[in-house]
Amino acid sequence: MSMSDHAQLWIVGYGPGLGAALAQRFAQADWNVLALSRRAPAVPMPGTHAVLDVTARDTAQRLAALLAEHGAPRALVYDVGVFRRAPCAATGEDDFRACWEGMALGAFRVAQALLPAMAEAGGGTVIFSGATASRRGGAEFAAFASAKFALRGLAQSLARAWQPRGVHVAHAILDGMIADSARSGQHAARLDPAAIASCYWQLAQQPPGAWTHELDLRGADEPF
Amino acid sequence: MSMSDHAQLWIVGYGPGLGAALAQRFAQADWNVLALSRRAPAVPMPGTHAVLDVTARDTAQRLAALLAEHGAPRALVYDVGVFRRAPCAATGEDDFRACWEGMALGAFRVAQALLPAMAEAGGGTVIFSGATASRRGGAEFAAFASAKFALRGLAQSLARAWQPRGVHVAHAILDGMIADSARSGQHAARLDPAAIASCYWQLAQQPPGAWTHELDLRGADEPF
Amino acid sequence: MSMSDHAQLWIVGYGPGLGAALAQRFAQADWNVLALSRRAPAVPMPGTHAVLDVTARDTAQRLAALLAEHGAPRALVYDVGVFRRAPCAATGEDDFRACWEGMALGAFRVAQALLPAMAEAGGGTVIFSGATASRRGGAEFAAFASAKFALRGLAQSLARAWQPRGVHVAHAILDGMIADSARSGQHAARLDPAAIASCYWQLAQQPPGAWTHELDLRGADEPF
Amino acid sequence: MSMSDHAQLWIVGYGPGLGAALAQRFAQADWNVLALSRRAPAVPMPGTHAVLDVTARDTAQRLAALLAEHGAPRALVYDVGVFRRAPCAATGEDDFRACWEGMALGAFRVAQALLPAMAEAGGGTVIFSGATASRRGGAEFAAFASAKFALRGLAQSLARAWQPRGVHVAHAILDGMIADSARSGQHAARLDPAAIASCYWQLAQQPPGAWTHELDLRGADEPF
C-alpha cells in the first residue's frame, strides 16, 4: 500500500535533536521518513511530517489511518520524551501521569498499532529511547524514572513476543544530555545526536543472526 | 493523634494471603494493624479494616482522613496486585492502564500522602511488593511487567529521597507464586506468606546502620 | 561428630568488625562459633578460633580436618576481604591475583569443601559478603571489583545448584564502609557491624518458604 | 613504528568462528589484522598470526615485543573462551582457575600491556566478548560464570579509567551458541559470526559522541 518502494522509517516523538539527525541519516540511505509529533517542525526536514499526539484517545485510529496511507514502516523509533525533575515531595500526580502517558502508554499504543503490520510486512526494527533513569531512580526523578522503567519493561516484553516473528525490538539507554544538534560533534561529554542516529541506523541493519536488545550510549567523557 | 501508643502497620492492598500473614505477624508483636483494600475481608483479621481504592480520584483525601484518625504508620506495606497475563498482541490498553494504576500510580499516591507524615513522626519503614516481572519483561507480561518495572523505579526514587529523612524504603522481589495461606509451610517451590511476613517484619526492624533497599524472596525449590 | 548439640556458625575471614559482631550475635542465641582467619584474633571472642589461609594450597584438606573435628556448620559466612584501590594503570598483576585468590578462589574452595557436608547434615545457610563493587566496576577498582564480580557469579551458581538440596545461599551487598565496631550504632552513613550481623542472623533463620538470594545493606544516610 | 599506515586490529583468542569473521570484516575495510592465539590457525586467514598464550607468565613481555614490532592497535578484541560446564559439586579447582586465568587474568594482562600504548597513539576501541553467563550464574557454570562475571567487572573499570583518555571500552554479551561459520547466516536461533563481526566493526567506528559500553547480541529466535 506504500506509495513507493523505499523502506520507511517512522519517528514517533520527532524533534530538532535526535529526530532530525535520524531523518537525515536514514534519508541519506534513501529511506522515506515519516516524522510524527504533536506540532509541525519549525525547520524543514527530509521526509514527511504528520501530527500525532500519543496521549490522545484516538491514537490507535490515527495510526491505523497512517498505516493505510503509508504502509508499514521497516524501522520505527519511539523517542517521546516527557521530562520532569523535582524533589520527590514536590512531584505531583500530574507529572507522574504525564511522564507515563507520554513515555510508556504512548509506546504501548504505538507498538500495538504498528508491530502486527510490521510483522506481516516481513519484519523490521523498533527502537525505544531510554535514559539513565531507565535503570536508576534518582531522588528527583520519581516521575521520569518510573515511566522510563515502565518503558524498559514493555520493551523487553515486546522483544520476547515479536522477535520470533521477525520484528527486532531494541532499547537504547541514552546516558547523558543530548548536545544541541547545531553543535554536533563538539562536546565529548554530551551525546551527539548524529552519533546516536548512526547507531540506530546500525541497529536497523542488524541481520537476524545477531540482534541487540539493549545497549547504552554516552559521550566519551561522560562519568558513569 | 493516634488512639494508642502502639506502633501501627498499614497494609495497602490487604488480602487473605500475604496481607493476613502480615497482620498476624505484626499483631503478635503488639502492633496495631490497619488493613486497607477495596472490599472488607471475608474472614476476621487482627486489627482494623478500612475501604480504600487506590485508583479512585479521592485517594489523597481519603488517606489524609485516615492519617487524621489514626496517626502516621510506623510501617507501611504496599501490596496491591493487578495481575494480567496474555499474549502481547492480545493485551488491551485497559489491561496496560489497570496494572499501572493499581501498582504504580496507587503506590505513588500512597507515598505522597503518607511519607511526609511518617518522616515527621520520626521515621519508619515502607515496603513495596515486587515480582519476578519487576526485573524481567516476559512475552506474556507486557502490562504486568511494565507496571512492576514502574513501581521499582518509583521505589528507588523514594528511597533516595526519604532515607536521609528517616524513612526506610524497601522493594521486595517476590519471585514465584504465593502459596495458599491455609497451607502455609507446605510447598517448598511456593512462597509461603508467613515466611514473607516474617521477612517484612525483619525489614521493619532494621536499624539505620544497615538498611536493605532491595531483596528477593523465593521458595527453596523455585528455579531461577 | 560434633562435640555438642549446638548449631554451629563458621566465619571464614573472621575479623574484629563484622566477624566479631557475628560471633556475638550467634553466640547470644546459643550457637557455637568457629572463627577462621590467618591469624588468631587480638581480642577474645566468643567461640573457637582456628587458623585458616584460604589462599594456601592445602585449604581443602584443612577444611576436611575441621569438618571431622567439629561436624558440619549450620551457617557459614564467607567474609574474606582483600581490598585494593589504585588507578587502573598502576594496578599490578599481584593485586589482581590477590583479590581473586582471597575473595573468589577462596570462596570456591570453602564451598566445595563444606556445602556437601552441610547438605548431608540436613541443610543450612551460606552467606557471602559482597560490596558496592560487586555490581559496579569503578575506575580505581579493577582488581577489587573484578574479584567481587567473580564472587557474585559463583554465589549465583552455588544457589542454583544447592538450594534444591537444602542449602540456602545468599549474597549480601555491603554498600559502604563498615563503621568501627567500637562505635557501633553511631554513624548513620556507615554500615554498623552489629546491624549487619543481625541481618545475617535473620538470613540464617529464613524458612524454605521464602529464601533471599541477594540483598543490599547500607547506612540510612549513605548516598546510592 | 608500524610497518604500514593501515589501522590495525588485534584479535586475542583468534579462532575459526568469530575470529575469522572479524579478520575478514576488518581486512575488507583495509585494516591490518594481527591474530593471536596459542596455535597457528589451520586454515589461511587474512593478516598475520602470532603465537600468544595469555596464561603464560611472560605475556606482558611478549605483548611488549609485539607492540614494538607492529605498533599500537586501533582496535583490540579479546575473545578468549575457556568453556567448562559441569555440576557444581563436580567442578574442580583446576576448572575454576583455568576459566579465570584465560578469561579474566588474560584480559587484565592484555589491557595493562596495550591500553597505555593505544591511548598514547591517539585512542581506539577495545571489545571484550562476554556471554549469557556474564550476568547469570547457572547451576552448571560455577567456573565459567564466575570468570565471565570477573571479566565484566574488569571491563567496567577499564571503561571508566580509559574512556576519558580516548580508549573506548566495550563489553559484548553474546547470548547463545555461535553458529558454525561455514553456515553463517543459516540459523536464526544461533549467533552468526559474520553478524557479530559486523557489530564489533560498528563499535570500532563509533565516534566519541556516542560510545556503547555494553550491549547484548542474540539470534532472532533465541529465547531469553
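Each chain carries a letter (A, B, C and D) given by its place in the written order, and its residues are counted from 1.
The criterion applied here is as follows: a residue touches a chain if its C-beta (ideal position, glycine included) is under 8 Å from a C-beta of that chain, and two chains touch if they have at least 3 such contacts.
What you are looking at is a predicted structure, and each value in this text was computed from that prediction instead of being measured.
Enquirer: What chain is the most remote from subunit C, judged by the mean position of CA atoms in each chain?
Expert: A
Enquirer: Need the CA-centroid distance for the pair subunit B / subunit C, whole Å please.
Expert: Measuring from centre to centre gives 31 Å for this pair.
Enquirer: Averaging only over C-alpha atoms, locate the centres of subunit A and subunit C and give their separation in whole Å.
Expert: Those two chain centres are 45 Å apart.
Enquirer: Give me the residue numbers in subunit A that touch at least two other chains, ranges are fine.
Expert: 160 - these are the residues of subunit A that touch more than one other chain.
Enquirer: Hey, which chains are touching each other here?
Expert: So the chains that touch one another pair up as A-B, A-D, B-C, C-D.
Enquirer: Would you mind writing out the residues of subunit A in touch with subunit D in their complex?
Expert: Going through subunit A, the ones touching subunit D are 160, 163-164, 166, 168, 179, 184-185, 187-188, 190-192, 194-196, 198-199, 202, 206-221, 223-224.
Enquirer: Given the complex with subunit C, which residues does subunit D contribute to the contact?
Expert: 60, 87-89, 91, 93, 96-97, 100, 104-105, 108-109, 112, 115-116, 133, 136-142, 145-162
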